[in-house]
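Following are the structures in question.
Heads up, the next two complexes both have chain A, just with different partners, chain B and then chain C.
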Partner chain A sequence: MVAQLTRAERQFALLTLGLLALCGLLMAAGANDDLFALHGGLILAFAVGLGFLVISGLDAPEPADGRLAEYYDDPSRVAIVLTMGWALFGLAVGDWVAWMLAYPQLTFDAAWASFGRIRPIHTTGVIFGFGGNALIATSFHVVQRTCRTRLAGQFSPWFVLLGYNLFCLLAVSGYPLGITQSKEYAEPEWYVDLWLCIVWVTYLVLYIRTLARRREPHIYVANWYYLAFIIVVAMLHIVNNIAVPVAWNHARAYSAFGGVQDAMTQWWYGHNAVAFFLTAGFLGMMYYYLPVRAQRPIFSYRMSIISFWGITFMYMWAGSHHLHYTALPHWVQTLGMTFSLILLVPSWGSAANALLTLNGAWHRVRDDATLRFMMVAAIFYGLTTFEGSFMAIRAVNSLSHYTDWTVGHVHAGALGWVALISFGALYSLTPALWGRARMHSAWAVEAHFWLALAGTLIYVFSMWNSGVIQGLMWRTYDAGGTLAYPFIDTVVAMHPYYIARAVGGALFLSGAAIGAWNVWMTIRGPAAASQPAVDDRPLTVLAGE
Partner chain B sequence: MAETGHALTVLLAKGFGLFYLLALSACVLIYTFWPGNGKRFEQAAKSVLRGEDRP
Partner chain C sequence: MSGGAERDPLTGHMTTGHEWNGIKELNTPVPRIVWFFLITTFLFSLFWWVLMPAWPLGHTYTKGLMGIDQRQMVADDLRRAAEKAPPWRAEVIRLDYADMQADPVLMEQVRRHGAVLFGDNCAACHGPGGTGGPGFPALAAGAWLWGGAPEVLAETIRVGINSDHPDTRVSQMPAFGRDQMLTRAELQTLSGYVVALSALEMPIEVAQGNGYALFAANCAACHGEDARGMVETGAPNLTDNVWIYGGDGETIFTTLFYGRQGHMPRWDQRLSDLDRKVLTLYVADMAEGGHGDR
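Right, the complex of A and B next:
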């Protein structure tokens, strides 16, 4: 990876790493808080480790000029490996948490391994580690192919990818130590947030500059979704994390918001994190890899545009459905509920568009497990968005809120939609990027597909059952008007479903492990006998400019 | 002060917010179904199928 950079770029990389190491050193040496010092040490070690890598390649010969006429796929290749690594880590921790809920002794009496600390390691590991790296890998690939131009930077893609992974590392290492600002899906503290801010703005600039260099008159719709993902996540991240640190050398900070305003800001962030991190970016993935894999253009390009604007402008207002029956003004709750219901239109627009694209290619879906991953993902996307709109209705929410139904809903989306579309995209992308004819083992892709589907169904069905039982038990009164069930009875009633859920998670994890092995073997396997397609080059080269 | 702030927010949300979203929807629909854009959309939909990523 260093050999692809020019001497000046290598020196710039060293300078950046030097500055980062200096920050780490200052944090470690000047901290008045042990945890802050520890994170300073981690940043220092990260920068020094990468510094060694750059120094080892510093004197390599200058790269050939011809590289600028090729797509720049090295960052995507590294991102794919990181994606699978984070998937295994995040899913394994998730399954541990699932077993812990059934058997609480699995905290091993260690404070760092309590549920409240392990759970965010799981959520950050899968959402930001797995999902985020998959989005970076595919967005870099898609923007170049659809714009027929090379990424608008040599160093900045690496800064985005590795900087983002440093953010993930700081986040998951902080939770077991107790570093958290206690905002769901926004747990990292102020200094980690600032770092992500720098990385994310670089990502935005890189993406827009690449779009500006495009050789196609029209920006393909997948890029609209990726761009919405990047812009809105920047906006959400900055606003929700406005906070005042106790001191520059202290890990703790206090949020700028308080009370119900804090709750509203947090769920404006939280629900739009679902909308723009876990939906918009992955829809971008779907709108590119599904038509390419099925070898059919998207069923209705117009519908994809309407869905895009619908999702972008209506999701913004849906967050308050997380705060039904709270101190939030009633009309704001109703607003969130109404927008959640209208959102069904653009959501089903995208799901239907994907499935109608496959109309006429069902034989491919039958034979090709990679395409089947994407097809089932579209179905789960449709199911989950319907369920989400339904659960946002105040009366339904009074039963579902605070129960496992919510957990089941989230996992129908996260496993059934986000993870399956990502695996489908990765199985298309991996052989293409490494110049292989196909994945190392088609059988392993099949096995992964069925394990993932079985795991998701077991997970979701057990949580639906558990959640509805829980909700009903909590609201059952006896003839005397008092609650019929003590809380502990509801915990006992959930036990069998918790075991089932953990088994479902284990199936999903084992599928991902097979997938990681398959990706690794594909990377290490022999190159395809035939050359890559001749037109897999930026347009400038094809036109002979 | 807090009262006025809340009342103003409600007014903006229910008044301006409604018309802004209606106007936006109209703009999106006009852009999407503008006859002249049809060909461009069709080309874009087909553009991703031009043989790439398939060795």
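Right, the complex of A and C next:
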């Protein structure tokens, strides 16, 4: 890591870490709030720990100049390891929460382990920890390959990756202590948000500078999506998290928005986090690893264009479908519903573009579990976007809203689409980055695939059942004009489905554990006999035109 | 780099001529069905925008040809539901408790509606079926603190106990130990005495000794000379086997030492007159067959 940096870059890294440590120290020493002090201490420890790493390599010889003619893959390698670590952590906590819903005594009577605190650890762990690291790992890899240029920075990729993981760490360590601003998928408090803001803008600048250095005349589709992901997430994050802290040395802040405006801002953020974090970024992933693995050209460049702009434009309007039948004015709901319906077309366009790309490569889908991961992910993407548009219809929403159907829908997307495409990409990327011929165990990839698919199906089907039953029980009147069921009856009716869901989650988790083992063994395994392709390096001169 | 467009032998379509690290793209035209659905969904949206409230116009918005507004829809729904209200609801409002209890057909309906109301509003503390739990009285036992007549139950439900209602029922068991009204030894004697009271179900005069003097001096004012409780103070009967916090010596000692002050919310702002009446009947009905005798 450190040896790849020049001496000046090492000193700059040390300076940055020093500033970070100083911030942590100030927070810890000046806090008038124990939790704030604790987080200050965590930041200090993080900075000092990395500081030791840099200092230990400070006097290493200067790196060879030849490195600038190679791709810069060290950050991606570290990101892959972090991705698998966060996957195991986030999925394990998720399965704990799932069992807790079936057996509430699993909170062990501890405040920190109550459902409301554990659940965001799960969501942040999987979305930002697992998903975010997978996106950073692949985006760094893809942008270099498709631009035929090295990342436009030596230190900044590390700053982005490690800074982002510090954000994740601060987030999940805060929830059990009760540090939250209670906005779904935006729980971290103001100082953590500010930190992410700095990290994310660095990511954006790094990405744009790399694109600007490209040695290819055109920007590949995958990069459109990655760039949309980075830009829009920056915008969403900044707007939704505008807040006024109680004091500079206190963890609590109050949102700039209130009432229905707050709800609308939150769901504009929430739905576009799904759109641009969990969709656009992973479409970028799909557009690179799927055609490479299938060894087929993308089905249609024109479909890529229609789908990209359709998704980018239409998603922005759809957030209000989370607030049907609320205090939100009716007209906002109408717009949210109609744009959600139009959105189905570009979404299916993307899914179809992926699946039609596989024409001529279906024998590879059959034989190669890695490609099958990506194929099934595209199918789940299509299913989930259809379901999403369907649930955005007001009348449907009156049944589905607040029920487990929503939970099932989210997990069809999160497990079936996001996680499967990520695993497919990681199984392509890991051997490539470490110069291995293939993954350590093809059998393990196969086992992971079937466990993940079975787990997802069990999860989604049990939540469909429980959600629809729940929705119907809530609205059933008897002949005397009285609601037929007290709420507790619906809870009792959910119980078997909650057990089924937790079993599905356990299958998915065990698949990921096999995957993590396989990635680890691949990293530690022997290098491939044949050298990697000689053209896997940046172009030094502008070719052709 | 691009070697110009070429024909894909499998599909027969041309590539765009771009290439990124081996990835090529076909220049396949967008399938007609995509255009069809794009146009269809857009036309539907257009149609829907004309019918429904849809686009903002500064301080107002397009109201839509259907004249629909969700607030109005809720108001209309509620009005229609009130118009279509089944006859039993009017009966509940009109009749008094004794008449209703004498009408088995009406009581059938009350039980059904009452079960849902009780499940959604009362069961969280009093338990499903009114079995109670530590700190929350078992309603099914019929051991009423404030009286079990329907009118009295209705008042308890309306104003609550130690609530913020101006007419709330108020009761407090003092902290005899913490506030140093009695010594630890006296409290131990007293808790033994209270245990004996219920264990033996004996007449109070028989349970003589040290405990009796302490009881008469400190407890009888609220719990009554006979220890059978008083509805005026909401103090429970100590001679039966129904306990709110627990009837073992240790728990009774804790109760004596730290005192108790239960809380029941007022329901006058949460439930309609009709619903409270139904609940009253439901709770009174629930306790029937229990050993409540007042």
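As a convention for this text, the second predicted complex is superposed on the first by the 540 of 545 C-alpha atoms of A that agree within 3 Å, B and C clash if a C-alpha of one lies under 4 Å from a C-alpha of the other, contacts with A are read in each partner's own complex, and residues count from 1 in each chain.
Here, contacts are C-beta pairs under 8 Å (C-beta built on N, C-alpha and C of every residue); 3 or more make two chains touch, one makes a residue touch a chain.
Keep in mind the model is a prediction, meaning the values are calculated, not measured.
Colleague: Applying the document's definition of touch, where does A:432 land relative to chain B and chain C: first, second, both, or neither?
Modeller: A:432: touches chain B, not chain C.
Colleague: First (chain B), second (chain C), both or neither: which does A:489 touch?
Modeller: Only chain C is touched by A:489; chain B is not.
Colleague: If you stack the two complexes on chain A, which partner ends up touching A:246: first (chain B), second (chain C), both, or neither?
Modeller: It touches nothing on chain B or chain C.
Colleague: Would you check which partner chain A:344 touches, where first means chain B only, second means chain C only, and both and neither mean what they say?
Modeller: In the superposition, A:344 contacts chain C only.
Colleague: Can A:481 be said to touch chain B (first), chain C (second), both, or neither?
Modeller: Only chain C; A:481 stays clear of chain B.
Colleague: Classify the contacts of A:334 with the two partner chains as first (chain B alone), second (chain C alone), both, or neither.
Modeller: So A:334 only meets chain C here.
Colleague: With both structures fitted on chain A, tell me whether chain B or chain C touches more of chain A's residues.
Modeller: C
Colleague: Output check: A:145 vs chain B and chain C. Expected answer is one of first, second, both, neither. What do you get?
Modeller: Once the two structures are laid over each other on A, A:145 reaches both partners.
Colleague: Once the shared chain is lined up, is A:359 touching chain B (first), chain C (second), both, or neither of them?
Modeller: Touch partner of A:359: chain C, not chain B.
Colleague: Tell me which partner A:301 touches in the superposition: chain B (first), chain C (second), both or neither.
Modeller: A:301 contacts both chain B and chain C.
Colleague: If you lay the two complexes on top of each other, which residues of chain A touch chain B in one and chain C in the other?
Modeller: 145-146, 216-218, 220-221, 288, 291-292, 296-298, 301-302, 306, 329, 331, 335, 536
Colleague: So in the complex, which bits of chain A are touching chain B?
Modeller: Residues 145-146, 216-218, 220-222, 288, 291-292, 295-298, 301-302, 305-306, 309, 313-314, 329, 331, 335, 428-429, 431-432, 435-437, 528, 530-533, 535-536.
Colleague: Please give the residue numbers of chain B that touch chain A in the complex, ascending.
Modeller: Going by the criterion above, the answer is residues 6, 10, 13-14, 21, 24-25, 28-29, 31-33, 40-55.
Colleague: Taking the complex as given, what residues does chain A use to touch chain C?
Modeller: Checking each residue of chain A against chain C gives 145-146, 148, 216-218, 220-221, 288, 291-292, 296-304, 306, 310, 325, 329-331, 333-335, 337-339, 341-342, 344-346, 348-349, 352, 359-360, 478-489, 536, 539, 543-544.
Colleague: Could you list, by residue number, the parts of chain C that touch chain A in their complex?
Modeller: 1-2, 8, 10-11, 13, 15-16, 18, 20-31, 34, 37-38, 41-42, 44-45, 48-49, 52-56, 61-62, 64, 68-71, 81, 84-86, 88-89, 109, 112-113, 115-120, 123, 128
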